[in-house]
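Chain lettering (A, B and C) follows the sequence in which the chains are written, and residue indices restart at 1 in each chain.
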Amino acid sequence: MGVESDVKPDSVALHPVGAAGAPEVMGIFGTGDLGRSLGLRLLQSGYRVVYGSRRPHSCGPVPQGAEVASHAEAAKEASLIFVCVHREHYEFLTTLTPHLKGKVLVDLSNNLKKGIYPEANAAYLQRLVPGADVVKGLNTLSAWALQNGLLAGKQVYLCGNSANAKQAVSEMATKLGLTVLDRGSLSAARELEDFPLRLFPEWRLPLLVAACLMGFFYFYLLIRDVIYAYVETGQDISYRIMISLANKVFPIVSLVMLSLCYLPGCIAAFLQLYRGTKYKRFPNWLDRWMLCRKQMGLVALGLALLHAIYTFIIPIRYAVRHKLISRVVDENNKTTPFYFDNKEAWGTDSFYVLGILGFFLYLLLGLTSLPSVGGSLSWREFSFVQSKLGHLTLSICTAHGYIYGWNKFLRPSTYKWYTPPGYMLCLIVPSVVLVLKILLLLPCCVSVGWSHFCMYDSQTLKKNLYIYNQL
Amino acid sequence: MGVESDVKPDSVALHPVGAAGAPEVMGIFGTGDLGRSLGLRLLQSGYRVVYGSRRPHSCGPVPQGAEVASHAEAAKEASLIFVCVHREHYEFLTTLTPHLKGKVLVDLSNNLKKGIYPEANAAYLQRLVPGADVVKGLNTLSAWALQNGLLAGKQVYLCGNSANAKQAVSEMATKLGLTVLDRGSLSAARELEDFPLRLFPEWRLPLLVAACLMGFFYFYLLIRDVIYAYVETGQDISYRIMISLANKVFPIVSLVMLSLCYLPGCIAAFLQLYRGTKYKRFPNWLDRWMLCRKQMGLVALGLALLHAIYTFIIPIRYAVRHKLISRVVDENNKTTPFYFDNKEAWGTDSFYVLGILGFFLYLLLGLTSLPSVGGSLSWREFSFVQSKLGHLTLSICTAHGYIYGWNKFLRPSTYKWYTPPGYMLCLIVPSVVLVLKILLLLPCCVSVGWSHFCMYDSQTLKKNLYIYNQL
Amino acid sequence: MGVESDVKPDSVALHPVGAAGAPEVMGIFGTGDLGRSLGLRLLQSGYRVVYGSRRPHSCGPVPQGAEVASHAEAAKEASLIFVCVHREHYEFLTTLTPHLKGKVLVDLSNNLKKGIYPEANAAYLQRLVPGADVVKGLNTLSAWALQNGLLAGKQVYLCGNSANAKQAVSEMATKLGLTVLDRGSLSAARELEDFPLRLFPEWRLPLLVAACLMGFFYFYLLIRDVIYAYVETGQDISYRIMISLANKVFPIVSLVMLSLCYLPGCIAAFLQLYRGTKYKRFPNWLDRWMLCRKQMGLVALGLALLHAIYTFIIPIRYAVRHKLISRVVDENNKTTPFYFDNKEAWGTDSFYVLGILGFFLYLLLGLTSLPSVGGSLSWREFSFVQSKLGHLTLSICTAHGYIYGWNKFLRPSTYKWYTPPGYMLCLIVPSVVLVLKILLLLPCCVSVGWSHFCMYDSQTLKKNLYIYNQL
């Protein structure tokens, strides 16, 4: 027995401890990586560990201080047994049913895909060994996290039909430094088994919206720019597909996505004002929209970053250098002097400054979305960043868009084939959001408007509306 | 009763449990969002939950498994009651005083602003129901965090006059996965209620310093550049206000702020050497300065980032392109050949390289300020990054500044209207810091100097000095 | 006694509590910063605190509510005593041995360097006071973290020869919000004392590899570019050392480092296929390589960032502007018109676009390496990002390299002095990795190949191989 295992455990309710200081025994079936890592941690937390193995004498290395026995013997010694074998091998447990009667079996298994078995692994295990108390849980821990001691404060889920069994597993997990959350009866096992198989569910809608918008604007601009030039003047400017078009589509979609973060808050406020009550739930589509605002904002930030990088490399592009050189050659052949246009200098510089400041604020917003940064903010700080700073970002980026088109709005040549340019289309949603926002800030709406600064938290939103509606 | 509620609670001291396995009862007054979210979590953690409501039969949805009763009945059943109503509605509790005698009342309320009531909410509650044991706490949790199970490892504060009541609340909070910190008697309630209303208190001084410095340098450069040009030569170069001036002010203030991060450490070291003891406290202004070094550094990083972006877009500015074209046109009309100046190429390239490397190190310093990154470093690693790397960054950025002015220091035309240019002013503080630093590294000071590498931790500083002074 | 100290402690096993509600007493030897900070936290957690001091009446400020006594008296009152003095002063404890008999002594000390004493501090303490139960631990906490309440969920280590003593310290630490991990007997004390002195051990190999590669490629390119030009044509282009060469070395080494992240996974897969079993351990060099893939990837990201910044400032460099102006002057003197080369425009634009997209994906990979972001991903999400996205990044960056040399591969002038240019050399490793990857994706290897997407987790890798080998 290793030096680590001489700590007296503090859970005496379920697992009687012999002499004072004798450590509680934990059984582990399976000596694979997960079993070995788990055993090491249990030893470190002061438990005695007994492995159950088909070949107790040739099962490969186990952590120093652990014992190896046959499955039946291990089951006799331990009242809590971790099943660290794959579901395909559960069958052998049927031969052990007499030894497992009344024992707590912890099912830590995961599957490689969703829905490959009709039954949850834990439910299958319970069916195979009806006399035991099966608890599903800890399956979100990787062998790697276990081995590297990255457990502190991690949240794990449990479910099972026996409250006492769950209590025993919960106490063990707390000693390992985990935070346990009870998810109810064994019928929740499938849900727990699907946890490690999630693949960005909350990112799907924002990414889909972004992809659709990008597809639409890309083809719209392709027609207006490249195809128009080819049809009307016969010019081949297809090389613009790679960078010039993308550098128009990215900022357009980024601005639309950012304004879509703030639109549902405005809609909700007007809905509440119209209904005059907070006791009705928001429609489902609005709730769903509100819940993916963070992801929408981050997609918008990603596109803004791409826009920034595309802009930085403009001057080293071949086409741009070529144009500059041609320009100079033309200039040289002209006889008129080359004037400096002060208005043009002011205009383009303002345009760039607004873009830079907007991007900088965007980055600050994104930083507070990092779990560790956001978690260290107070509610008021978070709300300040996400609402005040968020709306400031939206205003600055919208102004960036307006300045881009400042002297082109009334020029007929802007409307090729009677279509408005992309930047005009993309200014519609942000302008609407900002107008709604200003309406909500008018005195008659100010208290309800106040409650809509909050970007992420539809619950807080409702709570604040509650205060308003009580007045 | 839901499937979640059949876990045996482990706190038996205050709340007697009937039959083995019967869950402890928690009362919640108020069925708003906070009440519902809290109830859901309590059910998930294995408690029985009884809501107290004015209208038990029409109070809106409650989580599955919870019961709803009148306030009086709920108070009878539960020994621990969460008050999830707004302070304005506390009055009704006076009618329940007989039922609340000896019960633990948890006040979770927050206010919308500081100081709108003369008394803390919890103190007011205790005055209304003197027979109950009021505990203030958990008020930093949002309904949103409760609903989404984001509690694992979160730190919450408690205060109250009854130790037993605090113990009971603390046990409940621990079961919910929270880490509890006792802040003493109920007189601390106001402090707890002000926590969620904090608005970046530690950022105020650094932002104020940065704003003052930026204001000063902006006007200084405005006079030297734009107004000087207008007065002396009649040129209108007002367009430079937008980008050119800002791109001088940002790096200047950034460098000054960065050196202000390291200045207090040097001052403290010399103060200790002068005093010859560590047993005297530092003056208050020095302590306060030391405590905001992290924020100062991050403001400096933000300004450095803006400087970098402003620099990247230089070549696409109208004014810059115009100048380039004019330059070529001039060159063309000249008859002298256009020579390549190797010294100029070396100079500007060194200038850029130092700027890039300085910015890169700045970013690394900023990364370790992220709570999750900094928290995973050992003390020595953190100290290495913040001191060795920090001083390296300062040296490189200062060199970047010196190279900028390399051949201009002795040129009379640099001193327009007898004023030194901005970059010379901004080099004063960093140069002083670096000289002090080198003095501290001299053999006679080396052991005390060693202790000043540490950027953030004035306590460690004192501890290290302690070692030195003991020798 | 302060208001904070009236909480009833819940650990009654070792330290008898008098009347109900009387707080447990903790002793602290030493009133330095660490002692004072620790005392404050213990008071806040409801303990009574007694300081032991040589000069009880002139020992400087202690936290409000704490008592000060002589060492002997403090030892009499408390059963658990924190030793907050430096190792050099431990000697005085020998005079207290009768008072310390049977007490738990917690050694929190750290050293300034590794190996300056032949014995661990805690072992030395145990030798001085053999009658006491010494527990080493909590030494990774700084006085600063203690004072600022940054303890929630932090993992601390304990070791000691007495299980009961460790249990008592563990209970106290849990009350302070810490997560405790038992590291065994007192012989582990040296290991614990070395923890705060670690200096990026896992970064050394990746940084060494990067430094060697950068040195090699730097000299290789110096010879091929600068020295070749000087020897063959007599041109002095030494200014290129600063930026042009660095901007070739950074992307080259970055790409090689990125492919080195993915190479060990491929080697492991082929090794398993060749051996036909997972029961043999990987060779040590492969294990070590796999464990530093995260750091390799981050070094590659840093170099890619430098490459990006170096690229952005290209157009404002003196040499580049000079070349542009010379070019125009030449163009002006020519009589042939200046044509636009559509193929060239497509080529350079594709080159830039691949670079930008590769860098963007690089950044996403880097983001998920942040502990707080990576920790919030499910296993499948993490694996998706690190494998699918990682290989996509590698493919795009490799394509970026191929396009750079697209029309130069067959041109004899490319091979100066019969050496291939740097970008050709750097394409070898990524190409090999991608070919191996594609081989593993062929139907015959697909199930084993699937298991190699995972970037960081050699354990998961083996687990997946296990499944494969069982089929």
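We take it that a contact is a pair of C-beta atoms (placed from the backbone, for glycine too) under 8 Å apart; a residue touches a chain by one contact, two chains touch by 3 or more.
What you see is a predicted model, and the numbers here were worked out from it, not measured in a lab.
Interface note: chain A and chain B, two copies of one sequence, contact each other through mostly non-matching residue numbers (shared numbers fall below half of all numbers used). Overlaying the C-alpha trace of chain A on that of chain C calls for a turn of 120°, given as a multiple of 5.
Once the centre of each chain is set as its mean CA position, chain A and chain B turn out to be 23 Å apart.
Multi-chain contact residues of chain A (touching two or more other chains): 152-154, 312, 315, 324, 328, 332, 370-372, 375.
Remark: chain C residues 152-155, 163-164, 166-167, 170, 179-185, 187-188, 279, 308, 311-312, 314-315, 324, 327-328, 331-332, 338, 340-342, 344-350, 352-353, 356, 359-360, 363, 370-373, 375-376, 378-381, 384, 456-460, 462-463, 466-467, 470 touch chain A in the complex. Residues 2-4, 6-8, 10, 21, 32-34, 37, 44-46, 60, 86, 88, 110, 112, 140, 142-144, 147, 149, 151-154, 177, 195-200, 236, 238-239, 242-243, 246, 302, 305-306, 309-310, 312-313, 315-319, 321-322, 324-326, 328-329, 332, 370-372, 375 of chain A are the ones touching chain C in the complex.
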